[in-house]
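In what follows, a single structure is set out as structure tokens and then discussed.
Note that the chains are named A, B, C, D and E in the order they appear, and that numbering of residues resets to 1 at the start of each chain.
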């Protein structure tokens, strides 16, 4: 029956562990949220789209490609450094010679990061931006650069640090600066399993798989 | 009866040829490199379609550009021995031969053919494991396998060394006799043309410029090419009429006469056996009108005769007897007079 | 060694070091236990199976359509031939992600078939399409060169022996060009096994359905770097074995 | 047309349609105004400049080191030669992202040079390294085949005429193999211009420093799909013109 | 003086040869395909290094594997004319010649050489635009350009058609005389060997098996190859002693005798001009001990003699006079007896 239908779900890379635990039988494609959105714009039709922000699903909704998005989880933006790193505060990133990777302005993690930096004084902000060495198109790129030592620090989600199994250490951001990181999901229009898809999206908020992976409730 | 008539343009080259060969007859095609010999065979085989032309064999029309007829090569059933043989490198000798045979009993029939050409013991060898002579026989067996209605042989012996070539030539002659179909044979060797060809057609710049038996060509070469081809000596110079004869001022100096008529640039040909050797100095009186001073550059005894290489401004060769050498005490460096008759001097325009 | 030979040897050494060290680094960073662990992982096995399946199907399609195409380009002269050759080479220079977008735009629901064509986007069939698109030029290019190198007189000889064009193609051109065709096939298969960008864009990365090994590796980069490296090592080993074995098969073609 | 020829023509048509339609779709979805707009964008121009610069530098490095390497492999027989050839081909089958990781692991801060080597990661020099790594095998492979096709007697003739090995290489081998070398260079340059995965992994994506055209295209997908397609079209046009012009230059080599 | 002495293994093939040529002397190398002729030239030029050997020229040591001496090819200054010429395809004729010349006045000197070989008007043509004969001359000019200390010529005429070949051969003879250095010339044509070579060395399976003037080889061929090479007829069969002579049971049937001694498989060679033709039937009494029944398969008049192709189980050829043909009323298909002396029959083991 419709209950057993395998859904195809395009989801932000950072949702990988949580979603596979949430409904193991569905088909997931994990990649950068913007990539997945581009796919849908170009005609790809998964059943569900889950992004690492609310903007991308809202845009697709405005374009008439998905049903109304639903915020289902929150995440926290943190600084990721190597476990033995001496960097332990946002201010350290402004020191000369420190190398930083962040998401490009067009991807969710990048826009959150810029939001954070926007809250800093102009001097520190410019010092930090001057240390940026790469604008990665997805979180995986930032994580890769930090674990490989290509940069000294990067901005990622707390869930990514947790998934890295000790290869990364999280440095929390000052609470006033911490952005609201909300994840939204939407049923893609034209799905063959609208019922199952809606059930999938509706069941997400508060699912234990999400909180186990470190996501917050909306 | 195979008959061909074709005009075609290949790059800048124009071919315009017509020829016929009866069943059991072998027509040798000789001519300089690039003359169009291979192109003629390709037209007969259907591998090249001429701009205009007609090809028929045994009353069957293979090509008629007017009527739009063009039988594809696989339906013409010609036996084509390619220059360098074009054996299939991935197939053993017997499979090369069996390629043209119907599926049933193909191995038996292929072995039979290889046996007839005395090479059945190499049936399982790949072409690269065969010597030149063995390859030639496999190629011939392959061409004969499907009982062809005509045979086309493109310099079948030229890839062979002298030893193998003499043998292979004799075997080829036997095979041609037995096949009893019209055959065209391209060759650049006069001895081969005369051994294997009933007639010889000389091709030059896409045209058949002379046609006859090997002996006829040797007697009356129609061009410097034919003269050289038949083993004559060729001298170049400028001709002008004089005293009822033609006088030729030779390029290297000296002058000779010919009973042929010509003017302007010519090649004069004379056979080495028509040239007599006399001591240097003023020529003895006699009927021979041509006298050139020359130096002996080589002396080679060939059986009962001796071939002298001479330098007379242009190189020259004479064939004389042992006795003449002894009587004149000739050795390398000797100075002599080469003498021959104006009537033995053929002229062709250059 | 004479100075010039020494110079050549230096160049070879530099080239080899530069090209081999990074590949070796993948293996150096992978403990044998990681390798075994990565093969024990069900999703890794799924990806391997899918990669092999889709790559081989793509290869079959490429060989089936590409071989006659290459033969035509190699043996006939016609108007537009060199334009056709350049067009066939174009996908070689397309960034893979652009290739994926191009496929989406042309074969997706908004493409030439509209919604009525075969379901390709986000399906296993789509993976095959993406792999075929990016790998085909490698095979066609090499096959064309191999066919062009076959002595045309061999094919003419076949014709005079009563074989039509089709039989000549099968029994002469293909066997004689076999070594080159195999090399081209290996190259295309290698490229298909390593394909990432076009597959991700056109087919997505669904485990067991469209997640090939390169996509699985990519997915692991963020979370399971060791596993990603181990899976890379497996892929390199398979591809290397493949290249080497095809080279051997080609060498034996005439033995 | 005879049936077999018809079959070949069908195969060619299928192959051409399949390979060309997606490329054409990129252009179809790009209005001329988009093209102009994309070229008017400063970051697009930065990316184009960087792409051309780094690709050309990579090509220069590849030609400089790869040409003698290919010559050595083509003209000398030595132990380990065929192993060397296979090793040089391996990067061909590496997924680009894996190639990037491999470079990172070997030449990065945790690689063989430790922190003391040249600064490559996340620098323009790193882009060149990544492009060189993925494109070099294309050039070396083709160059080796071209040198192998040069009649060895030409080189021997040069030696007997008093030319040493170096002069023989410059004045005989290179000019005679010129057409093939150019084709190999075009292929490598095309591959470099389209490179994405390895560059991103090893050099990152920073406007004006490491963001080449493929990376810029990728970045635009989310926010400026039209701009991304327009930039793709520009890249394809440049690469196509490049392939075609090299083919022309090669044809003129002996005119 | 050029002297060579070398042993080497090439694949399965073993070469073991020694030879010498004085300044101004041309030594012709003849032998079957794959005999090792080219390998010898390559060793002299320094293009192949033998396992063991010594090469010296004009007292200068080029190679001594014992002493570890090996002068690289570019310092030996040999003039090498490759088979098919190996002209640089990317350079014009004059630049091909200038390749070996010092930078200053290279064009003048190259044109001078081309002029001497009568091809200065083609100086700006690329090799592919030249005919075979023109190419040969450019290759020769190139080899002569740097005033070589030895000349190596690998079948310099074999790529040419008959017409061009005759001319080119004469020009080559002149060039060799003028260069006045030792020369080695590979050829598969006996006439060429005798015209150009002061001596002929016959190479077979990597060894020099016979050595002498062309005339000496023709008179006493040491092998079936040499017999064929010099134009003799070769018959194969099994030899056994009988009545003080050697009797050979021929493969195609029939038996002949020779004054040479041999046993087992042999090749018997006889020159066509030593074979007389008699009417069929019992042989007339006379000194000729060999009589074979044969059928005439071809008749070719060559100048003052006629060459008969015969089928006597094995193919045979005889050269007779015009008169003989007329007297016997010979035509194709006539049955005759071929007759020659046991003492004109050379035997060589197969």
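By our rule, contacts are C-beta pairs under 8 Å (C-beta built on N, C-alpha and C of every residue); 3 or more make two chains touch, one makes a residue touch a chain.
This structure is a prediction, so every number in the text was calculated from the model and none was measured.
Looking at the partners of chain B and chain D together, the chains they share are C, E. Shared contact partners of chain A and chain D comprise C. Counting C-beta pairs in contact across A-C and across D-E shows that the higher total falls to A-C.
Remark: chain C and chain D have CA centroids separated by 16 Å (rounded to whole angstrom). Rounded to whole angstrom, the centroid-to-centroid distance between chain B and chain C, based on C-alpha atoms, equals 53 Å. For this pair, chain A with chain E, the centres built from the Cα atoms lie 85 Å apart. Along chain E, residues 72 each make contact with two or more other chains.
Shared interface positions of chain D, defined as residues touching 2 or more other chains, are 2, 101, 105, 164, 218, 221, 228. Residues of chain A found to touch two or more other chains are 35, 38, 42, 144.
Every pair of chains meeting the touch criterion is listed here: A-C, A-D, B-C, B-E, C-D, D-E.
Across the complex, chain D is touched by residues 2-5, 7-9, 11-12, 14-16, 18-26, 28-29, 65-69, 71-73, 76, 82, 84, 86-99, 101-103, 105-107, 111-112, 132-133, 136-137, 140, 164-166, 169, 187, 190-191, 193-197, 213-214, 217-218, 221, 228-229, 232, 235-236, 239-240, 242-244, 247 of chain C. Partner chain E is touched in their complex by these residues of chain D: 151, 153-154, 156-164, 171-172, 175-176, 178, 253-254.
Against chain B, the residues of chain E that register as touching in their complex are 30-34, 131-132, 160-167, 169-170, 173-174, 177, 188-191, 194-195, 213-215, 218-219, 224-225, 228-231, 234, 271-274, 297-305, 307, 309, 311, 314-315, 317.
Listing the residues of chain D that touch chain A in their complex gives 101, 104-105, 108-110, 121-122, 200-201, 203-207, 210-211, 215, 218-223, 225, 228.
Contact residues on chain A toward chain C in their complex (touch as defined above): 8, 10, 13-14, 16-17, 27-31, 35, 38-39, 42-46, 139-140, 143-144, 147, 160, 163-165, 167.
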